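Chain naming follows the written order as A, B, C, D, E and F, and within any one chain the residues start at number 1.
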């Protein structure tokens, strides 16, 4: 079981490395953001797996947090890419 | 260019409440499990940020008409006040008081002045984060 | 019981891993942003949900610790992940990221032109 | 246990919070600030007397016994510095009513001032090395607020250096604390002192001592870490500059003094000699700058650097006489720097320029200003019976006692550079042909600027002439600096 | 008590001057001032009977008793003599100034404040037995002199002269303070009397000579000895009463006083004798030689003062030899000290009068340039007479008092060759020779001064004012002094008994204990001896040279202007400390942030790494380190790649995303290292930071390609590498040397029972170390306010500032 | 592991200083971000990684890691967040007023004489 989990963790980490390649490579910012988003997902997996490994439920809080942040981050990035600005003062104008 | 963001705005509304309750949960859990006023405050702030991103500043301000500077000050006052209670009882500054109670629904729980202090932290963090984001956002 | 539970956990995690790896490969290999975003938002969401389910089961069945946060997380991911992917692609399109040359169909293009015309923006 | 010693920190803190409400009401802001400062001064004065009578006071915050919780310790060193800080701030705030401008007053100038002294007083009082870091951050953050407040071009350009340096020094401070924690496993300064005494001087502690010296040195602007200071300090308006010049570098000096007398005493021959060499180099560097420029602000700013060198030279001697001198000189320098900056502010106001070569003949139009400037300038140079003299005398005497003959003579000789640089201002600005004058000077405003300045100069004269009255306090301070066991005993017995 | 208070009487009187000046406009303020010195002079005169018996009076007022600093009025023969000189000449000078300074045009209150301040200071210097208060008054004389020289402050020359005198004398004073402190450390007291009492022990100290040199520096600068004399000629910009008072009669004699006062201590040292006598003689020669070059009346007097001070100084130096000679009381050395004091008195009288005459000439003709003057004899007969008396006395011509002291001077100088210690047998012969040459020049400039001004054709029509004799009042003081000059010649022994002998015993306690032991009788005629022949030679050669002055005066032009000491001073004060320092400073204070940071951190890491290795503190152990796992390694690789991307990213968004990646990786590390709270916080913070970055990015420009010189690139890489290396090395050593176990166990044990919590980290944050947290949120709150203020408040658009 | 982490922290510091020495203000701020990461990791490293469980009370577990460094890091994180935010806004305002973010153009004030 433990070996399986370790293997899983290594695989996830490798995935992240692959995604990192996408971040480095680009070519457009959007690609990087998508990759970052996916890294966030991989991070969630990693945290989940790690908490099984260290056998502690205290890290599970992180999962939801990561999900939230990854979502907010993605939205912010997309708004930035779209308008160059995140916050609009008054959208009705 | 104005684009309608129905999907985003609808999701944001739902998600806002999810995040907010999660923040409250994290805040209260802080004394026994990971979390606390600080993270709670930041998560709350990110929920509000989500709203601001999805809608716009003006709309959000009309929904949540809060002067964040006052929020900061109240948070600080609360924190200082909690810490200062001890001074009036002849204990060193910052001495907290707690006891375990058997409350009807929650069971055995501790009531702790540290939680009040943490609430101060929470308010300050929300206030500061929102002040920053709002002032930058308002700036032309 | 424990063995059964373990098998269940391992199954979910393995499935999740597969999805994750697939989406990573997709992100690496697919030709343009939109296809990549597709891989990222769909496949990886499924992957992470599977893994989390596995983790949840692990704590519930083996450690006897029912953790609602994970469930909430799964729910949250379920809601937000596709929305995020959608918004991202859409924004990128508006920002002018060109689709792959092999793209067959592009419904958004006329729509955006119509809106631009309406709001008199060049 | 004595919560009373916290009041000089908490009162400004509390009033700062209150001032965050009612941002636009200027008179409310002013009155509240003065009230807060006044209350704190009372408390601080009472504290000084209390410490003098009963020895160092401690409070173990949260009732946690000494090495585990944070202990606040008010010994004579910190009590004196706290009182000085508050008194100076009172005058600077008063002076600021006229010169800071209504806009700044409406945008958190007063909370900024109150928070900065919260940080400064906290840093002076704390007995915990990490808490010192936190207080440093409080005062730095408040100083960032004040230095950019107003958003003039120069206020946005120069502080970048200032902030960058402080961000870096904070990062290094944190890791240095981490190193120290790794080696001795504790954060309470008294406990650190005991542990270091136990472990029989390993080299790594010397390295950490040097790291601390450099980290604090960055804030205290010692050579070779002073480069940021001259240009950064030229940015803010005069009251803020006075506050910075009087307080901020001194906190760094205090931190060096505290660490180097309380716990890094295991390898004096290395660490304190390094401090000595650096202090001499600091004086040289400051002297070059003070002589190089004909800009009134710059001259006084470089004099900050020189003074830092002199005080640290006293600390480096590690004997009671020199430490007493360093304390006397530290307080003197805080007062006189504030007074000088305030005077400079008035000079700039009445001439409308900072360039010395354009000024002249102010003696005819503003004789009183000239005399008070001269007194302050002579006081800075350590001319008896003004305030700088006794401090410098004791520092030099301590230097001789410690066998550092030539460097002590060098300290004396450096006074002449100080004198030249400040007398130059007198000769160029007050003597000579009539130079440029600001046409828009209002007599009433001038007077309102002049009164607090004048009183502060009188305070400095009083400090010099009446040194005898301060001597018992300085004796206490020097004793505790010279003998850390008084401090550690008081802390470790749990503040009963 | 009253005796100490008397020192301060002038200072207290000074406080009332503005009142007198502003309220009583019709009466010249000087009349009020005059009361003070007259009162003091008569007060001090009452002490003469006491001191002339060799006794002394002491009174004390504590200032800082805990350091042993107190105001002391110690009146013995020496200090009383000086006190009477100060107050007596002071009275005359004030009287003179009443007529010299215009009541309506001048800021009289300032003038008299400075003057009274000076009087206090000077009294303090000569009466203080405590070295610290001596120093206090010493600096006060410098400052009041500074203010008096700069009295006409809108003149550039006044400012220049004032600064010069202050810089040089204060610098000397500071060093003297060093000497005092050294002495005090050796003898454990600030009292000069107590130090004198333990003089032999002091001499054994290694630092004795250093203290001696430092104190001499103070004395030499004050008394305008070579090479510090340069301030004195420039000090002549002061109003003439000031020159007469400070720069001839009193302040410049403070150095003489100091040397005299410390002779009992330092006479033991060879260095002292050589320095005082040698420098004095050199100054004597130098001053007299260059006096002839001057064209300004006061300039001549200034150089002559320099020269005369040198004379007195050298006499004191020679007098100190008596310490080393058996039976000195019977040898010729005894004359030296006596002559010094005698000449000091004489000099005060004739030089004071000469200065006043120079002032009168200046006042009445409007110029002091000797080339424009001449032929005033008939117009200003009284002035001429006084000038003649003064000059002849200065030249050493009988029947004036200068003759007497000059004779004794020569006697003393001749005695040196007899002395065969400290190489005086070899070099001592130079003393009389130089003294003689200098005396010749003294003779020349004395004649030069009086005859060029008052005789000859002159060019009276072209003078700025039409000259006439000065008013009576202005002449009173010089005439009194001139009477003294003549008077002393005829009754020298009364002066000797009252003043000189008591002073001599104060200077040479090792020789005499009672004034009557001083076996010296002054007489104008003591037979034909070497001294007399020398004097005659001086007259003869001097007269010849004076007549041929115009022929050889050109040799002064041979001295290159660039090499003078004045030039050196100008170079130091204006060129070196202005322009050079500016250039030096601006060579590294470039305002370039990167350069500063590079220098700072280069030095920082260098010092730390240097300490690390010099203290042999670098030590690594793998013991106790936790094991390394594969996933950790991979994470590290991710972190490193992320960092590299951040550093070298070409677009800002790449950089920021990479930074985000690094941040997330760090939070993963926190998970790995079992810190859930940290991981949570780091994640949220990272996200919010990224959002903030993006917000700010919208407004910030795109990355430019950084073009820079290779040298800087290299330096940048080097500095960053050094810092990285420093952190790593120290971290390794610190980790490997955990000398004391951590206090953390306590928290683990008490968290539930005492703090009522489960999450130790959080409980530490809100309880054990809640104070940290309280101020940590304060930092945040201030940051919030600062950002709010920074964005909302924009004064740059108004341009308003203080 | 601690040994490797020491190198990693050194590397982070190196990269941070390298960025801080660059000309663009943004790069400098990013550098300070890296700097604080390095510092935080270093504190954790210095606290050593011993102990098998996170410092949260759980039944049957006694081998906690050292909680104190974690608390310190938390404080440090929050503070550096505040400072970074401030610094960013300063950069933004400076660019608004001065129209440049190049440090070599942002000098000046030494034109005083």
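Everything below uses one rule, namely that a residue touches a chain if its C-beta (ideal position, glycine included) is under 8 Å from a C-beta of that chain, and two chains touch if they have at least 3 such contacts.
On a predicted model such as this, the values are computed, not experimentally measured, just so you know.
Between the contact lists of subunit D and subunit E, the overlap consists of B, F. Shared contact partners of subunit A and subunit D, listed by label, are B, E, F. Among the remaining chains, C is positioned farthest from subunit E, on the basis of C-alpha centroids.
Of all chains shown, the one whose average CA position lies nearest the global CA mean is D. Taking B-D and B-C together, the pair of chains sharing more C-beta contacts is B-D.
Subunit C and subunit F, compared by their mean Cα positions, are separated by 32 Å. If you average the Cα atoms of subunit A and of subunit F, the two centres end up 21 Å apart. Annotation: 57 Å between the Cα-based centres of subunit C and subunit D. With centres defined as mean CA coordinates, subunit F is found 25 Å away from subunit B. Subunit F has residues 9, 20, 25, 38, 42, 45-48, 52-54, 56-57, 68, 74-75, 78-79, 82-83, 85-86, 89-93, 97, 103, 106-110, 113 in contact with two or more other chains. Residue positions of subunit E touching 2 or more other chains, listed in rising order: 582, 586, 589, 591, 593, 597, 601, 674, 676-677, 679-681, 684-685, 687-688, 691-692, 695-697, 727, 731, 734-735, 738, 742-744, 747, 758-759, 761, 765, 767-773, 776-783, 785-788, 790-792, 796. For subunit B, the set of residues that touch two or more other chains comprises 2-3, 8, 15, 22, 26, 32-35, 38-39, 43, 46, 49, 69, 72-73, 76, 80, 93-94, 96, 128, 132-133, 136-138. Pairs of chains meeting the touch criterion are A-B, A-C, A-E, A-F, B-C, B-D, B-E, B-F, D-E, D-F, E-F.
Subunit F contributes residues 54, 56-57, 74, 78, 82, 85, 89, 92 to its touches with subunit B in the complex. Contact residues of subunit D toward subunit B in the complex are 1, 3, 6, 10, 13-14, 17-18, 20-21, 23, 59-63, 495.
By the touch criterion given at the top, residues 630-631, 634-635, 637-638, 641-642, 645, 651, 653-654, 657-658, 660-661, 664, 668, 671-672, 674, 676, 679-680, 683-684, 687, 690-691, 694-695, 697-698 of subunit E touch subunit A in their complex. On subunit F, the positions that touch subunit D within their shared complex are 9, 20, 25, 28, 32, 35-36, 38-39, 42-43, 45-48, 68-69, 72, 75-76, 79-80, 82-83, 86-87, 90-91, 93-94, 97-98, 103, 106-110, 112-113.
Per the touch definition, subunit F reaches subunit A in the complex via residues 52-54, 56, 58.
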